[in-house]
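Inspection log for the structure reproduced underneath, given as C-alpha cells.
For reference, chains read A, B, C and D in written order, and residue numbers begin at 1 within each chain.
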Amino acid sequence: MLTKRVELQGHLLDARVLPGVISEVESRGGDIIVEESTIGRTKDDASRVIMEVTAPTPEAMTEILQVIGSFGGRVIHEEEVDLQPAPKNGVFPEGFYSTTNLPTQVFFAGEYLPVEDVEMDCAVVIDTRDKARARCVPIHRIQEGERVVVGHRGVRVLSLAHEKEKEVFSFMGSEVSSERPKTLVVKDIALKMQEIRGRGGKILLVLGPAVIHTGAGRHLERLIAAGYVQCVFAGNAVATHDIEHALYGTSLGIYLDTGASARGGHAHHLRAINRIRLAGGIRDAVEQGILTRGVMHALVTHGVDFVLAGSIRDDGPLPEVISDTVKAQDAMRTQIRGVEMALMLASMLHAIATGNILPATVRTVCVDINPAVVTKLVDRGSHQTMGIVSDVEWFLGELCDNLLA
Amino acid sequence: MLTKRVELQGHLLDARVLPGVISEVESRGGDIIVEESTIGRTKDDASRVIMEVTAPTPEAMTEILQVIGSFGGRVIHEEEVDLQPAPKNGVFPEGFYSTTNLPTQVFFAGEYLPVEDVEMDCAVVIDTRDKARARCVPIHRIQEGERVVVGHRGVRVLSLAHEKEKEVFSFMGSEVSSERPKTLVVKDIALKMQEIRGRGGKILLVLGPAVIHTGAGRHLERLIAAGYVQCVFAGNAVATHDIEHALYGTSLGIYLDTGASARGGHAHHLRAINRIRLAGGIRDAVEQGILTRGVMHALVTHGVDFVLAGSIRDDGPLPEVISDTVKAQDAMRTQIRGVEMALMLASMLHAIATGNILPATVRTVCVDINPAVVTKLVDRGSHQTMGIVSDVEWFLGELCDNLLA
Amino acid sequence: MLTKRVELQGHLLDARVLPGVISEVESRGGDIIVEESTIGRTKDDASRVIMEVTAPTPEAMTEILQVIGSFGGRVIHEEEVDLQPAPKNGVFPEGFYSTTNLPTQVFFAGEYLPVEDVEMDCAVVIDTRDKARARCVPIHRIQEGERVVVGHRGVRVLSLAHEKEKEVFSFMGSEVSSERPKTLVVKDIALKMQEIRGRGGKILLVLGPAVIHTGAGRHLERLIAAGYVQCVFAGNAVATHDIEHALYGTSLGIYLDTGASARGGHAHHLRAINRIRLAGGIRDAVEQGILTRGVMHALVTHGVDFVLAGSIRDDGPLPEVISDTVKAQDAMRTQIRGVEMALMLASMLHAIATGNILPATVRTVCVDINPAVVTKLVDRGSHQTMGIVSDVEWFLGELCDNLLA
Amino acid sequence: MLTKRVELQGHLLDARVLPGVISEVESRGGDIIVEESTIGRTKDDASRVIMEVTAPTPEAMTEILQVIGSFGGRVIHEEEVDLQPAPKNGVFPEGFYSTTNLPTQVFFAGEYLPVEDVEMDCAVVIDTRDKARARCVPIHRIQEGERVVVGHRGVRVLSLAHEKEKEVFSFMGSEVSSERPKTLVVKDIALKMQEIRGRGGKILLVLGPAVIHTGAGRHLERLIAAGYVQCVFAGNAVATHDIEHALYGTSLGIYLDTGASARGGHAHHLRAINRIRLAGGIRDAVEQGILTRGVMHALVTHGVDFVLAGSIRDDGPLPEVISDTVKAQDAMRTQIRGVEMALMLASMLHAIATGNILPATVRTVCVDINPAVVTKLVDRGSHQTMGIVSDVEWFLGELCDNLLA
C-alpha cells in the first residue's frame, strides 16, 4: 500500500468536497484516515482537513491524487528535504531544522526515512554511504561537510497518538499534585517495571542525593539486586554520600540509623572521596574490599551500567565522575539507547539533562517533593511523563513493597 | 525553702563578687543556681549573672539579700504585678501585659501564681473570689472591671529548659527538611503516642483536606478505632470530602480507588453536604444509616470529640460546622485542655489557629508536603514543635505500621 | 430570528449529511454556526457536529428541524428544565443542578432565562412572582418550597469564547511563571484599570497581610486616593497590621521604615486591636482622630466599601470584622455585583473565597510570590484569571508608576 | 605584645580563680580578653572560661602562664600542626584536616600562619620553600608529597565576630522572608556597592537565566556600564538566552518586548548558539559586529571578566563555556580572589558552586523568588550571606534606581 498525506481547504461545509473525495478514494480501492480537521464556525469560515490517503497501486494513487486535486486538495510533504553542508566542525548550516523529541521522518530520495536517535534541539543529518539514513546529531558532534536538513520542508513529526499501548500510563495524565491518591499510581508503575523486566527491557534510574540522605538507598539496593535497574545516571554527590554512608554510616554527616549528627561529620563526604581516590575508583574500592555495601556497591557487583556526570558543585570528584559535561552527555546518550522507562528520583540537574536527550516515547516518572521541580521536568515536552509530588523515601519503599513483597 | 531571683551586675572579673556572694550564701545554709551569665570580654566590659537563691528560713533570706545588696546585687521580680480594670467588655486596659504561650507566673499578694490556660496574645486576669487565681483571657472574653495585669512587673516566664522529659522529641530539633531519614522520627512519634494512650492521655489531630484527597482517611480510621485519637479539629472541607467519599467513593470528584474522575464529580461534595443537611447533621446521618464509613463516621461511632471550624471558603456548610470563628476558637479552647500531643496533618488554616491557642508545652508534630507551611507552623513559637516535610498519606501509613502492626 | 441548537451524529464523512443540512437551511432563509465538530479518524468512526441553527420564522424553523431530523439530527436543549421544591430551608432537592461560574441560561416556559448572580456550587431557583426569573442561590439561603432546577435538562452553559473584548488580557493566558517579563503585563493591567475607572466601573482588591508587612500599603493608599479601588475584601490581619503600622510604625513588630524589631513589638498588633475596640471600631477611630493614616484610614476617608471577613486565626477581632463566615460570604456576595476586575494580592484564604463567588466573566489578576498559591487560584475555573508569580510590594509600586506617574 | 589562648576549667564560682588570674596578669603588665565563658548552673557544675592573654615580654608571658598553670589553667593551641605527605596526586593523607570557609590559622614553627585562599572542604598545605606559608588546596590539585595538615591540632578557626565593619549588613541577619519591607535592604546593598566601587574593590555577580527571561538584562547592562560589576559567573544558558535576545528579540522563544511567542521560537536559542560557534566565540561575534547589544556584549565591551561554567543540561555549548567542571571551578577560584561582595541572582547551580569556594568573609546577597533556593544558599555556612526572596527583575530595577538615578 502506498501512502500520501493530503490537505483539503475551503468552505467544506457548503460544498460536497469531503464526501466526494471519500467515495472517489473508495471506488479505487483506497482508504483515508483523517488526521486533523478544523470545521469553520460559519459557512464563510475556512475549514481544513488533513488526511492520510492509502492506495493499493501507484496507478490508483495517481488517479486518487488527480481527483483530490480537482477538489482543490493538495498533497503535502511530498517535497524532498533541503540539505546544506555543515560549514565547519561543530556548526550547523544557517536555517537548520531543529529537532523535537518526537518520532520524526524526513522525506529523502522519494521515501520517508525515520530519524535515528531522535533528541530535541539537534539537527538531522542525511548519510548516504551505504543506504540512506537520517541521524539526529547534537551540535558539538557535527562534522564539516555533513549534509544537514534545513527548513521544515520534507520533515514530518509524528504525534504520540500514533503510538499504541498507553494502557498503564494513560490514566495518569501528567498529574503532579500531592493531593491525589498515589497508591494506585505506584502499583501501576510496578506492573510496568515487571513487564519490562520480564521481556529483558531496560529501565533507567536518574538519582539525586536526597535518595541517599533520606535513607532510601536500602530500597534501591533491593531493586538493583532484583534486576529492576539496568542503568543509573547520577552525579558525584549521590555516589559520594552513598559511599560516605557505606564507610561511616552517615550522609552529609547525619547517621542514617539514628538521625544524630556525627562529630566532625561535615568532613565525612570528603574523607569518603579521598578513600576512593586513593583506591583508584569505585570499582577498585569494591574489588579491594573497601566498599562493601550501598547503592554503588550494588551497581558494581550486579554489573549495572552507571554514568556519573560532573557538575561545578562537586567536591573531589570521585574518579568515575566524568567531569567534562559534553563527554558526560555523550556517555548518557550511549546508555539511553533502548531505555523503555525512566524513573527520575529527587533529581533536578541530572533529570533535566536526561530529559533533554530522551525521546518522547520513553515512559518517564518524576518523583520529587518539590512541585516546582516536577512541573519543570514534566513540562519539558516529554509527552509520556508523569510527575509525582511526594517523598522519595516512601515512594521507593512502596515501590519495593509492590515489586518484592 | 524560700526562693528569690537575684541579679549581679558589674565588673565581676576584677572584683571578688561572685565567690564572695557564694560563700556568704553557703555560710547561711542557702544555695544558688546560676540561671544566666554573661561575662564581659574585657575587664572593662560589664558582666551580669542572674541566679536563684534559696534560703532555709526567712531570716536567713533577709541576711543573704543584705549581703548580696552590699555587693551591688539586686533582687528581681520581687514586685507585685500592676493591675488595672478592663475599661469595657472586650477591651483590655492600656498597657496590658500580652502573653506568650510559655508557662507563666505572676507575683500577686506575695506569691507566684501560675497563669492558667496560658495562650499567646491574651491578657492575664487576677481573680480573687475564692482564692487568688491568675487566668489567661482572650480579648473578646474580657469583662468590664476585671483586673488585668499591665506592664511586665511581677511577671515571670519560664523557659521550657525547666521542663524535663524531652527524651523522645529531643533529637528532632525542629527539623523541617525533606532530605532526612524519617523512619526513625515516625517510630518515635508512635512510641510517644503509645505512652500517652497508655496513661489515658489526650492526643489531638488537626486535619486538612489532603488527608482525605490522598486516600489517607483509611489509616486515620484505624488510628481512631485503636484509641489513638481523643480529639479532632478540622474544617468543613475535611468532613465534606470524607462524607463525599463515604457516599460516592470520590474526593473532589476523583475516585479514590481508581484515580479516575467521576462524571459530574465536581458536584459530589455539594451533594454530600446537601444529604447531610437533609438528615440534620453528621451524627444524625450516622444514626439514620446514611453515613456508614469514613473518618467522620469513625469519630461519631467511637465517641471522639471533634470541632469543625468554619471558614469563608466553605460551601454549605455542614450543620456541625461552627460558622462563627470566635465561637469556633472558644470551642477549640475548651477541647485543648489536657492535650499532651498534637498532630497537625496537611492543614494550614486550622493548624495555625490551633498553634495560636496551644501552650508551648504541648508536643506538636506538623506534617505537610509544603516546606513553607511547615516552617510557618514551626516558627510560631511553639517550642516543642517538630516539622516533617513529607507526604501525609505515607506518614499516616507508616504511623499505622508502627502502631497497629 | 429564532435559534435552536442541533446535534448531528454518525458517519458524516461517507454521507452527504452536512452539506445537505446546510443547503436545506439556507434555502429556507436560515443560517448555521458550527459550535463543535469532531470528525472521526476513519470512515467507520463516529463524527459529531453541534451547530446553532437560526431561522427567520417559526414555520421556517419547524421545517428546518424536520429536515435535520430526517438526516438523523436532533435538537438539543429544547426541553424545559425540571424543577423540584426545596424539601426544607437550607436543603436542595436531591439531584439539583450544581452551577459553574460561567454565564448560564435555563430553558423555562419556552425561553432561555439568564441565571442571575451566577456563582459556582450553587443551585438555580426559578421565580415566577412577577415575570419568570432564574437566580443562583447558595445552599444556606434556599427556602423550603422554592423551585430548584434538577438534572441537566434545559440548562445551557455558555463558554467565554462567546464573550468578546478579551484584547487586553488575551496575550497573558493564565501564565503563572516568575520567569517571564512582567513589565508589559503590569502596563496592560494599568490600562484596563484606567478604562474601568474612566467609565465608572468597579475594581475589587482582595488583600493579604504581606501587602502591609512588605511596606506596600503606601502604594495602596495612593491607588485608593486616585479612585482606582471601589471595594476591598480582606481579613482581620490586614486591617490589624495596617493599624499597627499607623499607630506604632511597625507591622508584626518590625518597623517598616528601618526594618528593625521593636522592643515588645510582638504585642503591637494586639495593642492596636485593643485601641480600636476601645474606640468602637475603625470608622470611629478615624472620626476620633486616633487613626490618621494607612490603608484602612484611606478606605474610610475616601468612602470605599470594605468587607473584613473573619477567620479562626484571628486575634481580637477588630469590631468591623464579620466573624460569622456565612454572613461574611453574603456580605462579599453583595459587594461583588458589578465588579469588572479583581486584583488578588498576596492573599490565599480571602482570594479563594472570592474566587468561589466570582462569575467567570470578571477579569481577575492574582499576584503572589508563591507559585502554589497562584496556581491554586488560577485553577479554580475562573477563565479570565491571570496569575503573576512575583513580589507584591514591587507589583504595586510598578502599578502606581504606571497609573499615577 | 605576645598572645596566648588559655583555658580555665573547674568550679570557678566557689574559688577565687578568675579574679586571681586577672590580678596576676595585670600586675605583670598583661591583659586578658574573655573569648568564651560557660558558668555552671550550680556550684558543683563545671565552669569554663577561654581567654586570650597578652603580655608585654616573653618573660612576663612565662610568668603569667606559670601563675595560670598554678590555678589549673592550661594554654591551648600551643601545639604545632601535624603534617603528613599526600600519598599520591589528588589524594590527601588519611585524617587530613578539612577546612571551613572561615578565616583560619595554623600553628607552625612557633607561630600562627594564616591559611591563604581559604575555602571549605579542602585541606591545608604547608609550604616552606621561601618562607613558611599555609595554603588551602582542593583535593584535585594536591600533589604527591605535599605536606598536609592532619587532625585538629594547631588549627585555629576565627569567628567572624572578630571581623569589624558589619554596619551595613548587620541589621539584615540572614532574613529570607518575602514578607518584609525590602526597599531599605536594596538601598543598603546599593550603598555598599558604591563604597566598594569607590575604592576600586571587586563585585561579583552570579547569574541565572531568569535574569534574562524576565527582561532584567537591561538593568544589568546599565550596572555593567556604570562600573558596578567586576566579574560575572554564569552558565551557558544565561549567555545563550542573552544572545538569543540580542539576535532575535526573544528569550526561550518569547519576545521580551511584547510577551508573545515567536513562531519557531523554541529553536532560537540553538540558532543563537550556532551563530556564535560560527563566529568563533562571543568575543569574536562582538568584534565582527554580529553581537551588538545585551549583557554579554556589555561584559565584552567594558572588559569585565566572566566565567561561563558548563553543565550537563547545556545545548551547544557556546565556545567560551568551560565544559570541564573541574577546570571551570579553578577558573572561578582564580577570579574570586579579592571579591568583596557577591550578588547571586536567580541562580542555583552556579550560586551553590560559588558559595562552595567563597570565603565566609565575603558579603553575599542571594536573590531568588523561590525561598527553598535562598534557604539552601544562605544555609551553606556563609555567615555574611543575606537572602532576599523576591523577583529578580524588580530587585535589579530597584537597585538601578538607587545606584544610577
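Observations
We adopt the following convention: contacts are C-beta pairs under 8 Å (C-beta built on N, C-alpha and C of every residue); 3 or more make two chains touch, one makes a residue touch a chain.
Being a predicted model, the structure only gives us computed values, none of them experimental.
Taking chain B out in thought, with all other chains where they are, everything left is connected by touch in one piece.
For chain A, the chain whose average C-alpha position is most distant is B. Comparing the residue numbers each copy contributes, chain B and chain C share more than half of them at their mutual interface. One inter-chain figure worth recording: chain B and chain C are separated by 38 Å, centre to centre, where each centre is the mean of the chain's CA atoms.
For the pair chain B and chain D, the distance between C-alpha centroids works out to 40 Å. Counting partner chains per residue, chain D has residues 372 touching two or more of them. The touch graph of these protein chains is complete, with an edge between every pair of chains. The touching residues of chain A, counted against chain D in their complex, run 87-88, 90-92, 94, 96, 98, 121, 138-140, 264, 266-267, 269-271, 273-274, 277-278, 309-317, 323-329, 332, 349-350, 352-353, 356, 370, 372.
Residues of chain C that touch chain A in their complex: 13-16, 18-19, 22-23, 26, 31-35, 37, 39-43, 49, 371-372. Chain contact summary for the complex, chain D toward chain C: residues 171-172, 178-185, 209-210, 213-215, 254, 256-260, 369, 389-391, 393-394, 397-398.
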